[in-house]
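Right after this note come the structures.
You will see two complexes here that share chain A, one where it goes with chain B and one where it goes with chain C.
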Partner chain A sequence: MTQTVVVAVDAGGADAGPAEVSRAAELAAAEHGVRVLLFGPASALGTATPNVEVHDAPLSIAKHPDPVRAVRAHPEASVVQAVRAVAEGRADALVAGGSTGAALAAGLFRIKRAPGVHRPALAMRVPAPDHPFLMLDVGANTAVRPEHLVQFAHMGSAYAELLLGLESPRVALLSNGEEATKGSEDVVAAHALLGQASAGLNFIGNVEGFGIATGAADVIVCDGFTGNVVIKMMEGASSALMGAIRGAAEQGARFRLGGLLLRPALRGVREAVDPERQGGAMLLGLRKPVVVPHGSFGARGIAAAVGLAARAVREDLGGRTHAALEAGGALRTREVTSAAPGSLPGIRDSR
Partner chain B sequence: MIQTHLADELELDPARVEESTHFKNDLDADSLDLYTLVQELEDTYGVIMSDEQAAGILTVGQAVDFVLAHAPAQRP
Partner chain C sequence: MTQTVVVAVDAGGADAGPAEVSRAAELAAAEHGVRVLLFGPASALGTATPNVEVHDAPLSIAKHPDPVRAVRAHPEASVVQAVRAVAEGRADALVAGGSTGAALAAGLFRIKRAPGVHRPALAMRVPAPDHPFLMLDVGANTAVRPEHLVQFAHMGSAYAELLLGLESPRVALLSNGEEATKGSEDVVAAHALLGQASAGLNFIGNVEGFGIATGAADVIVCDGFTGNVVIKMMEGASSALMGAIRGAAEQGARFRLGGLLLRPALRGVREAVDPERQGGAMLLGLRKPVVVPHGSFGARGIAAAVGLAARAVREDLGGRTHAALEAGGALRTREVTSAAPGSLPGIRDSR
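Here is the complex of A and B:
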């Protein structure tokens, strides 16, 4: 019999409040067969149940303007306690929504980077109609080096195999032109590195912005600043488009009737692109799985995040990403090959 | 030993890490990198470093000196 997966959940960051996260924990335990360690204000979390253990952690640092300092200064904070549970082996994975910065900092300090990884990257399944794809980094690193992008490509490919069920995902760099010479200095250098024989990676070159949502690639790699802007722009555009369709369908009886006829089909589209169904973004490159759901998620979305974390444990995502990096010769080494003079890999000003 | 540990954390050949190596100027380290190093030193050597003290650690030599001055006896 396989062991029950234990997921530590920070209840301090959700916009809807800790009680909503508590509901998500119950939902996740029932739907995904996991045990949840819930960290937040006990007064709002309710009583423990057989599969949900409540740990009183009233302090939330989710809205702190300097998450790195907050993580260090407040070891009693809910996210730090949840991370510690994972680092100490009391839980197998972490779910922490509401503050990517706090989850990243606490994860780096306590769970630590996986061996051979320069920087963790936040990977998100983007539910584009007919062409769901994986995008990374969507917010962990505002600036990256070419070797970081190379690692993101390998880790993203391994994650896409698991998440999207693809045998050989098509991996591309996001740039402003398809030619290998297009893009920033770092993107061009990463293209050159990825273009060399790279075992196990199906690198197809660059994709441009208009190829993102139309199935040009299965894994799109970029720095965290660009990725974050792209996914938020897509969310905004999608929301505006749905609103415009709704508005058009309400202008007159004939259109209302047409809208009624279309409603089942539109509902299917809306459900397919619903971000809550995706469960949030996975922080790849730490020693244990960390999932960061959107702060605005309700119980259903947070439960999906717990399910995603449990799946990463059960299907050994960490082992898969390490194997992909190793097979591609992309594990970090002490040999400095592509760093600029006076600078070194893994260390970069991310202003 | 501390210097070797720092080199490992910085992904460098220990021979390339000198006491005068400046975290920000020479290694282009950002605040998250530095705090990760500080956390590693705290966890490994049992030292406690305030944010103010951490802000004053600019070079590898200063980090080594801090650990030597503040590490409890019998620590590794």
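Here is the complex of A and C:
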């Protein structure tokens, strides 16, 4: 008999409110066989059930403008309590939507980086039609150094093996040209590093913007500023184009009939690219899995996030990423320590 | 009687070959009433016509890995000769497709920056359905400083007035969050500068990736790395989604009929987002207009680029951008000179 996975869930950040997160917890417990520790205002969360334990934490810091300061100042906040449950071993993983900055800051303070990791990175499965891919960093670090990008490549590869079921995922650096000399200084330097020491990594070089949605790579590595712009743009562009097609189909009886006949097929496309199905972004590089669903997600999306967290625990994502970094010779050594203790230069609330 | 606009066109970079550029020159002369000086291998360009003057320049440096060096080493190259025609006043504007890096480098050496401009920036009209917008920089500078972004904002605003016919275009900084504190250090600093001194500028703050394709701003300002990724992604995402819809419509008789009925409407969407219709990117901030069509463009797209160049001359784009920079107090002063003479830190071939 295997141990039941326990997931700590912050109910304080979702746009739809804590009651929706409570529904998500029930849904996730039923669908994914997990136990949930739910942190939020007990008045809105309802009573505990066999698989959902309610912890009263009425204070939300999701909208706080300075998440790092808010985490330090408010140990009683729902997200901080949820993080502490993970840090203290009462839960195996964290799900915290709608307050990425606070989740990152609290995660770094309490759950801490995995050994040898410079910076954790947010990795997201992007549901491009026909060829989903993994992108990282999508918002944890607005600025990165070459050695960070190298670590992202290895951690992303390990996660893509698990999440996309690929044996040797094609890993690429995002740049403004395919040649090794193209890109910002940091990208060019990372390219050189990955070209030398990439044992266990299927590094295929640079990919351009055009290749993002067209399947040029399985794992696309970039800084968190660019990655955040890209994933939000994918969502925006899809919905804008869908809207334009809908608009075109409304311009006359002929088009209306065509749209009606096509509707089930279009629905298939829309579902395939639906972000809620993905469960959100996985923060790679901490000692325990942390999943960040979008603040706009409803119960279905948040339940998917809990499912993703459970899967990371069961399939030992932490062990896999560490092994990948070690095999690639990319673990941090003392000499290249990137940040002074206590400083969190890359952490901003980016979603 | 007004003077005929003369456009120098490099025929050495187009993927489709110099003969296609020659067809584009004829097309542009007829459609836009310009005279064209055409630089490329005379053997492929055909004989001169009343409106197209052929200059034999068989050497192309479009595929050279180091465009700055190539420009210095090969004064006889087609793009360098075309640039020289503009610099020496024999032509009013330049069109050079397929070798952005060489065009930028030669442009900076010979045509030179407009007074008070730190860095030229590539600006492109992005044909989002229902709300086209201008984006810059889309590839001239992989790294920028805050004062560069400020200049891009003013130059982009002036160009959008002309190109999009807007009176007070909404100008935004691209970032990973809407708040003024979100973004890379440079973006946060640029936001602060634009918030203080933006006379004549309708600065609306930050826009996120989601807002790019959904009409959140008329002018989106960013570094050339991010901008290049974004515009190439727009192209890739559009064609991927179109392909998925096409694929769905092929999955059965019902869908096939629906697709058939919708086809003219879908064609409308596709034409609206067709990059060739835009003519390519405008390099803002040199003493004369430079237009960079995509290397993959055919005669129609290159002719549109010539038309865009002619419009910039006739409507005094240079004077307008200078006036906008001056009104906004954003002209370079000696104290903040950004680059040592002769250095071209931001110039890479990015298309």
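The definition used in the following text is that the second predicted complex is superposed on the first by the 333 of 351 C-alpha atoms of A that agree within 3 Å, B and C clash if a C-alpha of one lies under 4 Å from a C-alpha of the other, contacts with A are read in each partner's own complex, and residues count from 1 in each chain.
The criterion applied here is as follows: a contact is a pair of C-beta atoms (placed from the backbone, for glycine too) under 8 Å apart; a residue touches a chain by one contact, two chains touch by 3 or more.
These figures come from a predicted structure and were not determined experimentally.
Touch criterion not met for A:195: it reaches neither chain B nor chain C. By the touch criterion defined above, A:108 reaches chain B but does not reach chain C. When both complexes are overlaid on chain A, the residue A:231 reaches chain C alone and has no touch with chain B. With both structures placed on the common chain, the touch criterion links A:17 to neither chain B nor chain C.
Of the two partner chains placed by superposition, A:75 touches none, neither chain B nor chain C.
Note on chain A: of its two partners chain C and chain B, the one contacting more of its residues is C. Looking at the shared chain after the overlay, A:179 reaches chain C, while chain B stays out of its contact range. Comparing the two interfaces of chain A, the one with chain B and the one with chain C have residues 348-351 in common. Chain B contributes residues 10-13, 23-24, 26-33, 35-36, 38-39, 51 to its touches with chain A in the complex.
Contact residues of chain C toward chain A in the complex are 65, 128-130, 139, 142-143, 174-177, 179, 181-185, 187, 208-214, 224-226, 228-241, 243-245, 247-249, 251, 254-255, 257-266, 268-269, 272, 348-351. Chain A makes touch with chain B in their complex at residues 68-69, 72-73, 104-105, 108-110, 118, 332-334, 336, 342-351.
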